[in-house]
Amino acid sequence: MLVVMKAHATERDIADVCERIEKAGFRAHAIPGAQRTAIGITGNQGAVELGLEEMAGVAEVIRVSKPYKLVSRDARDSNTIIKFPNNDATIGGTEFAVVAGPCSIESREQAFAVAERVAAAGARFFRGGAYKPRTSPYAFQGLGEEALKIMAEIRDRFGLIVITEAVDNESLELVEKYGDMIQIGARNMQNFSLLKRAGRAKKPVLLKRGIAATLEELLMAAEYIMSEGNYNVALCERGVRTFADHTRNTLDLSVVPAVQRLSHLPILVDPSHGTGKRNKVTPLSRAAVAVGADGLMVEVHNDPDRALSDGPQSLFPDQFDHLMEEVRQIANVVGRTMTSPAVHSTANSAH
Amino acid sequence: MLVVMKAHATERDIADVCERIEKAGFRAHAIPGAQRTAIGITGNQGAVELGLEEMAGVAEVIRVSKPYKLVSRDARDSNTIIKFPNNDATIGGTEFAVVAGPCSIESREQAFAVAERVAAAGARFFRGGAYKPRTSPYAFQGLGEEALKIMAEIRDRFGLIVITEAVDNESLELVEKYGDMIQIGARNMQNFSLLKRAGRAKKPVLLKRGIAATLEELLMAAEYIMSEGNYNVALCERGVRTFADHTRNTLDLSVVPAVQRLSHLPILVDPSHGTGKRNKVTPLSRAAVAVGADGLMVEVHNDPDRALSDGPQSLFPDQFDHLMEEVRQIANVVGRTMTSPAVHSTANSAH
Amino acid sequence: MLVVMKAHATERDIADVCERIEKAGFRAHAIPGAQRTAIGITGNQGAVELGLEEMAGVAEVIRVSKPYKLVSRDARDSNTIIKFPNNDATIGGTEFAVVAGPCSIESREQAFAVAERVAAAGARFFRGGAYKPRTSPYAFQGLGEEALKIMAEIRDRFGLIVITEAVDNESLELVEKYGDMIQIGARNMQNFSLLKRAGRAKKPVLLKRGIAATLEELLMAAEYIMSEGNYNVALCERGVRTFADHTRNTLDLSVVPAVQRLSHLPILVDPSHGTGKRNKVTPLSRAAVAVGADGLMVEVHNDPDRALSDGPQSLFPDQFDHLMEEVRQIANVVGRTMTSPAVHSTANSAH
Amino acid sequence: MLVVMKAHATERDIADVCERIEKAGFRAHAIPGAQRTAIGITGNQGAVELGLEEMAGVAEVIRVSKPYKLVSRDARDSNTIIKFPNNDATIGGTEFAVVAGPCSIESREQAFAVAERVAAAGARFFRGGAYKPRTSPYAFQGLGEEALKIMAEIRDRFGLIVITEAVDNESLELVEKYGDMIQIGARNMQNFSLLKRAGRAKKPVLLKRGIAATLEELLMAAEYIMSEGNYNVALCERGVRTFADHTRNTLDLSVVPAVQRLSHLPILVDPSHGTGKRNKVTPLSRAAVAVGADGLMVEVHNDPDRALSDGPQSLFPDQFDHLMEEVRQIANVVGRTMTSPAVHSTANSAH
């Protein structure tokens, strides 16, 4: 904490501020400058709320120390690499992780049709919504446990790792049972009750950035999960809300190097929600791998025009094939590995 | 829905779009213009996802119909007035409702000290946090059920109506038991699971606007609650996140007349979270009553400098007295009633 | 300036940072804390760019001192009151200044019709655009000098003080000649070449906040004008750009007390551009006077539906009468004076 | 234009709206829907301001037609390719254009030192500020004409194309005389007086997106230039202002494919201003070429720690070499050509 005094602050004002700080059990360090004095506070753990801003002669109070602990590179220098028991795929290592699938699981047929195509194209992670947070109560809300069972079958059939969203404690329990990785959606990024529950889960967590979350808030949401003991957390940028209206959200790719500087946690990018428009998903996917993200989360649907949710931003399977080709070439340039589609497709036919 | 065609769209492009619309069971109305053709879609309930934006010749797809039903003035013309069983205070009528109290209930002594002062100043609603959503897992998280019991005592002792936040199904059950009105906080505005549970509660709900929620999203969150059968919903503006850095959030007072035009639900304003700075709470409270809000939610603490949360934005009791004086005078001008502090203070001494 | 070191920074890292600061001729003050060290820099005038952020062990560099001088309350404690030679109206004193008139001067008839009504309602300042910054080059761009001549006549006829916008050096020269106060519009708030020219003008300046300007940028734009010698500057909040879509802009009323805390310059509010919707102008005008603004700038048109610009946000004269009544009552409550419409109308008939 | 009526609008309300539209000389097309009626307006050129939103029964007025003409792909289908007389470099063709140089020209030595390095690394365009728009009037404002003369020498010596900013009519005249391409900065994107002057210039224009400009406003600013006869316009994304605080601005890469869909004009990306942090320039440069931009604008300084402006975001020459290597590899993947550094460096030594 740093207290900046006004230019006209008196010696007395400064002494009063120092006294209040010392009385609260902290240390005050007055730093006289040419125009004004600043007072540093040390000895505090986190924010100090002493009403300093309202004292005579005080211009401003600036918070200095950062509140994150476990998520920070101060706590762990090497990157977190998330591993999965029944598969050698990883998130956060040299592998570029591609998560693909429909917004919602609508039926066994639809889910299998999409899974077959994304696996063949080289994706090793499958996404699909069972519990859908929808703006309208009258919109399709997901198939629930039935969808989870379909995804468990997909894991067995295609060797894909299943990631799906939990929206409350009840659904989290089921996702933990059927899925491989628990997604916390953007709308729940500060649902602290849910974060704590995810922190007690035995499966890794994919935490999406809230639509108006600062980098610090995103990291603190991950801190909630880690503080309960679950250290397998990956972050995901999915666009933030701004005045810009040419896309549904504004994809903030600069958060990728910013996270990597501060934290050891991996970060993925979701260009489907990040743009909301099918014709922008592939260019922004290229940009995401180029900027250095650890992976990609993309919506693919076998028949987007009839999708029950997010149709306009879902790719056709052929478009996803094309995306994978382009992403793979850039991944090579930036030193990331991806499984080749040929190898994978052989693996599939072995099933 | 309206499909705007490009200037160079061919007759064939237009026919294709119309055909897709008709095939989906809706009606297409082509409107030829000087430069380009637009195609109206009718017969649809809510959004149509036909992939039209990706079709040849299509420039843009514009959603026209609004998704809200029960919250809308189309559904109910006269204002919703929320009443409470053991008190004649109301929200949404001519009374200007003042909700005041500490951010968190920290102890019986602190809560009673604040309650006494805000009741004496003329507030008829008491706020106090039992379950606190905090950005950091290491910050004070609230006293839980103990806090709820203290507030129940406060209701009995001071005749105040108790409003407190629920953060998950478990806490909602307890808030419903001990409190008079259930608050859903900004971070949970799109926690649809919690909204549905609140919709099945027997107590009124105060729904705060999310930090980046559009007016439509705010109304749809209220629609979630109402669609489960609970029609006693009040909204609350508490500042939105923008680039502006002179306040913690940017208080958007224009949302008050905007809500009133579209919806019959009452809307309060919270200038404490809306500004995050004690010295701005009173001016913005004056503005809130002047703009036509149905009430005010203000943080007051008997000793803000030692508050466990939100100290910098909490008023001293004397400042709250002053705020009430100023608000009362403007309330008179805009045709709102408020109980006088004298009458109230007598009532208190009768206890 | 304050340099925050990482928790793991070595003694050597700290010494290196201090050395670089001292070599540049400033003083370094190391403040060791429980977890990390911070280093204060003094002796610098304004920002220091020493590449400190990129040095080993450095977590963050925080700018502490504020760059404004002349606009600051540090430079002048008492409020600036702007006076006008041929009229006793003021901006920044106890008088609540009301500026009203059409967006554009379209003809002598239109301008006189509006001026007569706003003067009769008690406004003492007249606004009207001669040079219009329009998003489209094909939209009406203003009548130029002809409009200025019409406004000069209006001053003589109705005793109103004329405020009109300059968009470049040429138009500024003419506005200075014909008008009483020079407006710099939101789009030109950081047109520093124009600000400097306005700083050399002999007439007061009304500076509108840019659509995405921080408080600091607004004050620094005023500093540009004052640094050239023109100390008669009033600021104007006219809405900022956010994600919110229920109004054209988001009117940020909290900037009023924020300006008043930091600066001695007066600040007005423009709810017409601030909301972009006629039905929101009156409620937000009430809020503006209640929050403590020094005045109001409102668009009024005798026939808004045929206005060549900004019709949807312009009030009918009868609506403006009503607005003035409401504003006057709240002005009384907050200790502001306004001329009564009756007196004024007599003055007019004396002409 | 489309007028959406309320659900309860009467036949009479609808007839009134249609009548007002027809009286104004346009055509009204009523489209009855299941719940409400919409009314399309045709025959209008641009926006119609008939006060419809305030009429009885009207819920909303939606603008449909886009105001841009010359910038639009409707006007010209093939991409604009900007050429330069004394050099075969292009902007908008298959070549990926790299513009590099210091924020400000500080001296002949500094400028030559930087130019030599960026030319050797393969950049074919040189940037350098002669007139600097600075937030503070007390900050370095640029060397003016002296800087322009230095840059003219650089063109002759290194074969680089010179791009530099004009801030008013006077500086534009000089930039037109000494430079090869006129930059209009973000703060002047809606300085329409300057845009018109640039539209009468004989040199191509690089137009930077304003800090809070929508895509439509950016395109309309280009329309201002083109409407005066100058068709050689390139756009440049340089970050927009949002709540996010981990970068100086939020670089909006999705605007690149969005521009390319609507307009034939080339678009560059400036990751230096877009992030404001040296350590983020290279990752975002990779992302910019990957997303499909036509070029890059990067700040490079021979001694960033002593730069008079923008030091923290300027690259060291060695960092720029590294950036070019990475960008070149991704350019290959996305089908863009870049001159190789070796060839270029030979060309230089031939001088």
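Should a chain be cited, it is by its letter among A, B, C and D, assigned in written order, with residues numbered from 1 in that chain.
Definition applied: a residue touches a chain if its C-beta (ideal position, glycine included) is under 8 Å from a C-beta of that chain, and two chains touch if they have at least 3 such contacts.
For clarity, every value in this text was computed on a predicted model and none was experimentally measured.
Student: Would you mind telling me which chain pair, A-C or A-D, is linked by more contacting C-beta pairs?
Tutor: So, comparing the two chain pairs, more contacts are at A-D.
Student: Farthest chain from chain C, comparing Cα centres?
Tutor: Most remote chain from chain C, centroid-wise, comes out as A.
Student: State, to the nearest whole Å, the distance from the C-alpha centre of chain A to the C-alpha centre of chain D.
Tutor: One centre to the other, that is 30 Å.
Student: Approximately how many whole Å separate the CA-defined centres of chain C and chain D?
Tutor: 27
Student: Centre to centre, by mean C-alpha position, how many angstrom separate chain A and chain C?
Tutor: 39
Student: Show the residues in chain C shared as contacts by 2 or more other chains, in ascending order.
Tutor: Each of 212, 241-243, 279 in chain C touches at least two other chains.
Student: Which residues of chain B touch chain D once you look at their complex with the stated criterion?
Tutor: 2, 4, 6-8, 29, 31-36, 38, 40, 42-45, 59, 62, 64-66, 72, 74, 241-243
Student: Where on chain C does chain D make contact in their complex?
Tutor: Interface residues on the chain C side: 46, 49-51, 53-54, 67, 69, 133-139, 167-169, 171, 187-188, 190-194, 196, 211-212, 216-217, 220, 223-224, 227, 241, 277-279, 304-307, 311-312.
Student: For the complex, give me every residue of chain D touching chain A.
Tutor: Answer in residue numbers: 212, 214-215, 240, 242-247, 250-258, 261, 274-275, 279-280, 283-284, 286-292, 326, 329-330, 333-334.
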